[in-house]
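One structure, pasted below without further comment.
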Amino acid sequence: MRIGVFICHCGSNIAATVDVKKVAEAAWGMNDVVYSTDSMYTCSEPGQQAIEEAIREHKLHGVVVASCSPRMHEPTFRRTVERAGLNRYMFEMANIREHVSWIGRDKALNTLKATELVRMAVEKLRLNRVLTPKKIPATRKVLVIGGGVAGIQASLDCADAGLEVVLVEREPSIGGKMSKLDKTFPTVDCSSCILGPRMVDVAQHERITLYAYSEIDSVSGYVGNFEVNIRKKASYVDWEKCTGCGACTEKCPSRKTFDRFNEGLGATTAINIPFPQAIPKKATITAGACRQFQGKKCGVCAKFCPTGAINHEQKDEIVTVKVGAIVAATGYDLTDWTVYGEYGAGRYPDVITSLQYERMLSASGPYGGHIKRPSNGEEPKSIVFIQCVGSRDPSIGRPYCSGFCCMYTAKQAIMTKDHIPDSRSYVFYMDIRSPGKGYDEFTRRAQEEYGAQYVRGRVSQVYPRGDKMVVRGADTLLGLPVEVEADLVVLAVGGEASRDAPKLAEKLRISYDGFGFFMEGHPKLKPVETNTAGVFLAGSCQGLKDIPSSVSQGSAAAAKVMALLSRDMLESDPQTALVDIKRCIGCSKCVKVCPFGAIREQDLRGQIKAEVLEAVCQGCGLCNATCPQGAIQLSHATDNQILAEVEALLCQM
Amino acid sequence: MPELALKPAFNPSTPNPYLPQVATVLEVIQETHNIRSFRVRLDDEQAWASFSFEPGQLGQLSLFGVGEATFVINSPPTCKAYLQFSVMRAGEVTTALHGLQAGDKIGLRAPLGNSFPYNDLKGKNVIFIGGGIGMAPMRTLLLYMLDNRRDYGDISLLYGARTPQDLSFAYDRADWLGREDMRTVLTIDAPAEGWEHKVGLIPNVLTEMAPSPENAVAVTCGPPIMIKFTLQALGKLGFKPEQILTTLEKRMKCGIGICGRCNIGEKYVCIDGPVFTYAQLQTMVNEL
Amino acid sequence: MEASSKFIARTALAGWLGELSARFRVWAPRREGRAVLYRPFDPQAPEDNLPELDKKPTESAKHIIFPRSEPLINFRRKRDPEHPGQFLLDLRVPEAPGPSLIFGLPPCDARGFMVFDPVYNGSGTDGQARDIYYLRRRAAALLIVRSCSRTLSTCFCNWVGGAPDSAEGADILASEAEDGFLLEPVSSEGAAALDSGLLVPADENRLKAAQAARDEAKKTLKPAPDISGAGKALLERFEDAAFWKGEAAHCLSCGICTFLCPTCYCFNVTDETAGANGVRLRSWDACMTPLFTLEASGHNPRQDKAARLKNRIGHKFSYYPELHEARFACVGCGRCIKSCPSGVDIRRIVTDSVGLTQSPKPKAAPRNIPGGKE
Amino acid sequence: MATQEELKKIILDVLPDVDCVIGWGPGPEPLCASPYFMRNPEDVDYLLAGPASVHNPALFLPEYKGRKTGVVVKGCDSRSVVQLISENLIRREDVVIIGFPCAGVVDASKIAAKLGPYGEPGETERAIFDKDALNLSLGGKELSIPLSEILADKCSRCKHPGAVISDYFAGEAADALQVKDDFTDLAGLESLPLEERFRFWEKEMSRCIRCYACRNACPLCVCRDHCVASSREPHWLAQANGVRDNLMFQVIHATHLAGRCTGCGECQRACPVHIPVLLLKRSLGRAVEQLFGHHAGLDPESRPPLLTFQMEETNIKEREW
Amino acid sequence: MSDVTREPAGTGRELRLVGFLCNWCSYGGADTAGVGRFIQPTDLRIVRLPCSGRVNPLFIAKTLLYGADGVLVSGCHPRDCHYAEGNFYARRRLEVFRHLLPTLGIDPRRFEYTWVSASEGQRWQQVVSKFTEQIHSLGPAPRLPGAPELEWMQSGVNPA
């Protein structure tokens, strides 16, 4: 091998505390070095030209530049050597500025250190191999999991950009949590009025295929080439035929079915369409509530269906789609508030959740938009809101702030006053968290214009007294115990990761935190990427967030998908793990630890061997450090390369 | 008491069989995508002037820091300008050898092993059957015979590879094809655009060529599967095992019959080989 | 020669070895924990490292003449002063080591070198390469063999032409005689080494005592079966895969048997480097490991352990005798049996192959033993 | 030896369904049994399951992957089997595990220590184990050593003398014993100052002949033929037989076994020059136990602790800077 | 492969310290320290790796047994790993390995691992300074002899 070494002065940045000429002279004696020189600014145009000329003149196979941090100029010099006809990976850098000249005062020691760093780079370079990126074809189609507002936004953005979109929603209708809300803060505009049209857009978009009442069964493949099995759950209604006329729901005799959409506030029929604006507007039979399924003679719905869409024999169906990218937007669920026995939640009808309250407020809700006490249907006059139920509470394993409860409670207090002008609202809070455009002003309006009484303190107990509910707590600002007699208690329940989120994460081979929220690629710089190439995140599945943030993330994820799928062929970074098939014993330890699912088992003439999916491999080298016989090696940072660097330090010539 | 300690004497002037001679790479020829030929010459003028070998003998190429690997010298003994070795990239040493350039220094231990019985072949018809890199060990004998053409009877060559791009020695082939005094048949496994020669597996083409076993010797070398079927084909054509010559390859280290790894029963490929008749192979244990 | 036989008192032994240390690098077996190993004798503290002569050394003495790893060539790459872009090779061979003396090796260890000799000396024929590294050590080594005063149940030197008091390969034969050792010169070099004031001429009683002890020791060996047909039998067994798989079933493929063996002489050659300097090493290799014959293509003529065991036994009892005057490449020291963690018994394999096995243990007829290609 | 007879019955039952049953049979010497591969009913007569059954038959199972194989196991052997299963190196459905209540196996070093120079294998003319003693003929003398004095150290800390899992069990299966492992085997070395420990290894490793019996006797060293010890890519070790490379190999072996080693001790037993190589593995075993509460080879469903992690590690106290 | 001339000619002040740093956090942190001109001892030589998960504990064994006086590994803070999980594995493996050192007779203080982010230039300065000081207080590490034939390669002097 023929190596050229270039030592940079970086003006006086390096030369002031490193004897650059001496380093260049020492490099002449290193292994395979056939050319060595120093230059004033190696990264400057003449500096780079000098490298190119040396490569040609001295027939160099590889180049070492000792200058600043490779994090700064490695890409620059890789392009330089490439221009002169070398492979860009036949290049190494020694960082003698940030790691030497700028941090050490002793010129003799700095010079020695710089020389050794150059030797390390030379020894590593001797083992570098030409690496060529692989081209892999990509399916220009995206799967969006979750039809809440984030998923809807991502779907529409991708579809508008020309990508085919498959949207999968677990519930019979898209819309997510937002569709259950009456109004949104801080503008107090109608939730369904702003969301509804977007839902319709989804239904009508020619490039969006919607699978509602469906779940992800399995995911295989890798970036650009995922294969996803979608389980279409049996709705017992042929949706091809169902027109959403609602005749069945009117006639269904099972009228005490738990109403999921309305959070159990009221009942629905066994066959139902969750809400009037549902997309798709199709009926679904809740098997557990249907008389027919309980062996009783019924079949009323089938009798009345004008299109003959009812099919009690329907089975789950698996649909396979091929996509190039996946956006997870599975949202959140309410924290289990029934664990707060002291609040009587679940036991007292007049203690309800904030989301039930939303359904109460909604004109299309079960109460027709009237606030009533569930116990007796009377209009409540005294309403207590308790904040941080299931948030910021390490005792139930929910130490985090859900972020949106302060704001919706303020909204609900305002809405209460609007609905019942002579009502009084009390809000027990820990801290008011209202960063955001117009948010803090909004909470102030609740207090100042709408007279909501904010009490700083924890509620210790809620119990009935007569037909009222007594709310007992402490006002920590005044240091006094407080007791309020309330007609209705609304628990501002926080959120948690959607049920089964970890299971989905495992299918997608993405990581999730201790609470089940999906892990973003980097907390700051990769908020919508995951560490699995081709899988992106949007909305609350990544961490609880309000509507505008969810929508932004939906768009951001869409932008990432568009960037990824803007070409037909993806180019993979060749600094990936490589399996020596002859030495692999198929123990699959690498498969177990790979954070990206980039290694799979392959059957090679009856023997199990590891196989790296180059497109998926991110080049972390964890597998390399795991493989006991070193049969899997990270290209460009192989064991031998690292050992060569170490040995360059431990053996002086 | 009889003298029982018959320990070997040591003569300090005994040459060190492990010490390679330093040689310079004169030229590197890219034969196929994974085969390169190296032409080398000893640095020591005196040693070079007295260097001689017989066709079929081995040389150990040394890359210091990596190791040694054994190849048949495939230039003819009549060539006094260089020794040629053809190297297929497979393991650590061959990969490193492929990194050599003209002017680089290497170590050479040669000649080692036995050789083709080129004297016994005199007056005989000889057919060479080579597959892929297997052409290399035979090339030395073929070129030697062509240089001493009058000593031999008919000479024919069947040389095949998977594709046209896998055929080495383009610089020889033109000459071989053009010669009046030898018959040259080239073949590839499957049809390819622009290919003007035979298409088909070597044993099949051989059967088609139907060389007569009368006063003939077949020399064959190539991948194990090809050898297996070529031997069958030769048998059908009436060649006796004594009329078939081949070369063997084994993992070798010392090249002088000591280190103990290239044995097949009591035979050591590095000293008793690499050239064996098929008849010899049949008497050896079955451990290829 | 008997006239020149000498006697050394046990108490004078250290002194004599110290004296010899002036002329030789003296090696002698020394006990380290449970192991007995050949170690350099320290003339500075002779009493502290008295040779262990009662227990058979755990290892053979071969590493003294044939080190576990030894440098063949030192190489350096230097820049060509005339062509700065070119390198020159500087090759050096280590100098010959000085003479050595091995004291107290059992007869089988000395006979082991007799197996090495023809191989490393180019079979004694002209034109064959000779291994100078081995030969120069071997020629400069003096072997003082001690006859065995007792034998182990693993010993079988009598099967392969040896005896507990064999002087073959020795320069001096030492035999226990009452309070010391009878020292009988076997070679002229041996005789020269007996020229010391610490030695006294051997008297008749001691000669008799030594002979009696030797005869006693011989009696402790079980009679040897006739294995002269082993070479042929092994070749006939070559294709009997089931036989070999059965024999090899419990083998671990480790290097104990080959590394402890006084006759196993195979080696590997590898290069090690540090910067522009490097060394070509010759190190012991074991034919029981698959890497021994693994070719770059991935092909391995001895893929499974059965094939490797077959080659090892075949080499010792068939191939080697075929090449070297019918001498077995085995001296019956029994170390491979004694130290095998898995109880592989070379005697058993040989008698099985010849059909002489006496033991009642049935030979399991292997159906389908794994370990490689079927 | 009623257990042994019961074992034979079980093996005879199992034999028709398996390729072979691996157990112990007579070895070349009275003191050592040998791994034994039973294929035919008449082979079973020679089964030995007792204090001389030192070998770990789990060692051979990966060779038989994909073929149904029976294996007779001591408690310690069964842990190796479990570990192999948990690492997918063998398949549970391929092995028929036959357990028996092991009363401990002997340690040849301890016998050697008792008998002095005559205590090595090959020295004894006759050796018979009865219920609690080893009776020997040696140099014409008859000796009897209580078994309790020559049992292997691992037996004194054994919690599972019966198999951890088994398909058949000869005799009464007992619950796990309440034995505490205090790692007393490490105490001697660790009572020395650091520098002396370093020199201890220097001395021990000077005996190493790099035969790799320690590796090849290890039931969990499944790389064997592809071990980094002799590979060039990666090139971790020089072939040169120096103390440093010898020790480096032991560190490699021990590190590769961290969290996987069940402490069967076969590495140390196999060593022909008696280097206490198990100590390094025991040290790592102790670390894994302290840090992750993990004991290898007890649960076929468990994952080796170094192939997983927790975001918050309870027992790792990181250094503050 | 062989013993080092550990101390540069004429200075006698340095010990041999080797650092294995992940590219994304700690190498960046060391860069940040440089940009901030946070003066550090010169002993440490840094090997740049993609991730602390790439650090096979055997690199540390190799480095310590073959002539280094101290080894420092630094990666991203837990949960901040560029590759999501590499440092979690590294933490377990390095911690376990550290427990082996006393058994080997190597002072465990010769090996430390820590987490430094790309922004923590000052922290990096502190880590390097303290670690260097720690190793200097321990002094040069005890050495094992290499194989004599390898020594010969170095020195050209014949092995005995």
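For clarity, chains are labelled A, B, C, D and E in written order, and residue numbers in each chain start from 1.
Simple rule for what comes next: a residue touches a chain if its C-beta (ideal position, glycine included) is under 8 Å from a C-beta of that chain, and two chains touch if they have at least 3 such contacts.
What you see is a predicted model; the values in this text were computed from it and never measured.
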Contacts shared by chain C with chain E include exactly A, D
Chain whose mean Cα position lies farthest from chain C
A
Looking at CA centres, what chain is most distant from chain B?
A
When the contacting C-beta pairs are counted for B-C and for A-C, which pair yields the higher total?
B-C
List the centre-to-centre spacing of chain A and chain D in whole Å, with centres computed as mean CA coordinates.
47
Inter-centroid spacing, chain D versus chain C (mean Cα positions, whole Å):
30
Between the Cα centroids of chain A and chain E the separation in whole angstrom comes to 36
Please output the residue numbers of chain E that touch at least 2 other chains, ranges allowed.
1-2, 62, 66, 79, 85, 89, 93, 147, 149-150, 154
What positions in chain A touch 2 or more of the other chains?
2, 59, 582, 593, 626, 639, 643, 647, 651-652
Find every residue in chain D that makes contact with two or more other chains and list them.
232-233, 236, 238, 240-241, 311
Per the contact definition, I'd like the list of chain D residues that touch chain C in the complex.
19-20, 25-30, 32-40, 42-43, 46, 55, 59-60, 63-64, 67, 109, 112, 117, 120-125, 207, 209-213, 215-217, 224-225, 230, 232, 238-241, 266, 269-270, 272-274
Would you mind writing out the residues of chain C in touch with chain D in their complex?
32-35, 37, 54-55, 58-59, 67-69, 152-155, 246, 249-250, 252-256, 258-260, 268, 270, 272, 281, 283-284, 286, 289-291, 334, 337-345, 347-348, 359, 361-362, 364-371
For the chain C and chain B complex, residues of the former touching the latter
1-2, 72-73, 75, 77, 86-89, 91, 93, 96, 113-114, 117, 119-121, 124, 128-133, 135-136, 138-141, 143, 167-171, 184, 186-190, 235, 238-239, 265-271, 273, 278, 280, 282, 285, 287, 292-297, 299, 301-302, 307, 311, 314-315, 318-320, 322-323
Which chain D residues qualify as touching chain A in the complex?
87-89, 222-223, 226-228, 231, 233-236, 256, 303, 307-308, 311-312
Considering the complex alone, what residue numbers of chain C touch chain A?
77, 79, 84-86, 274-277, 298
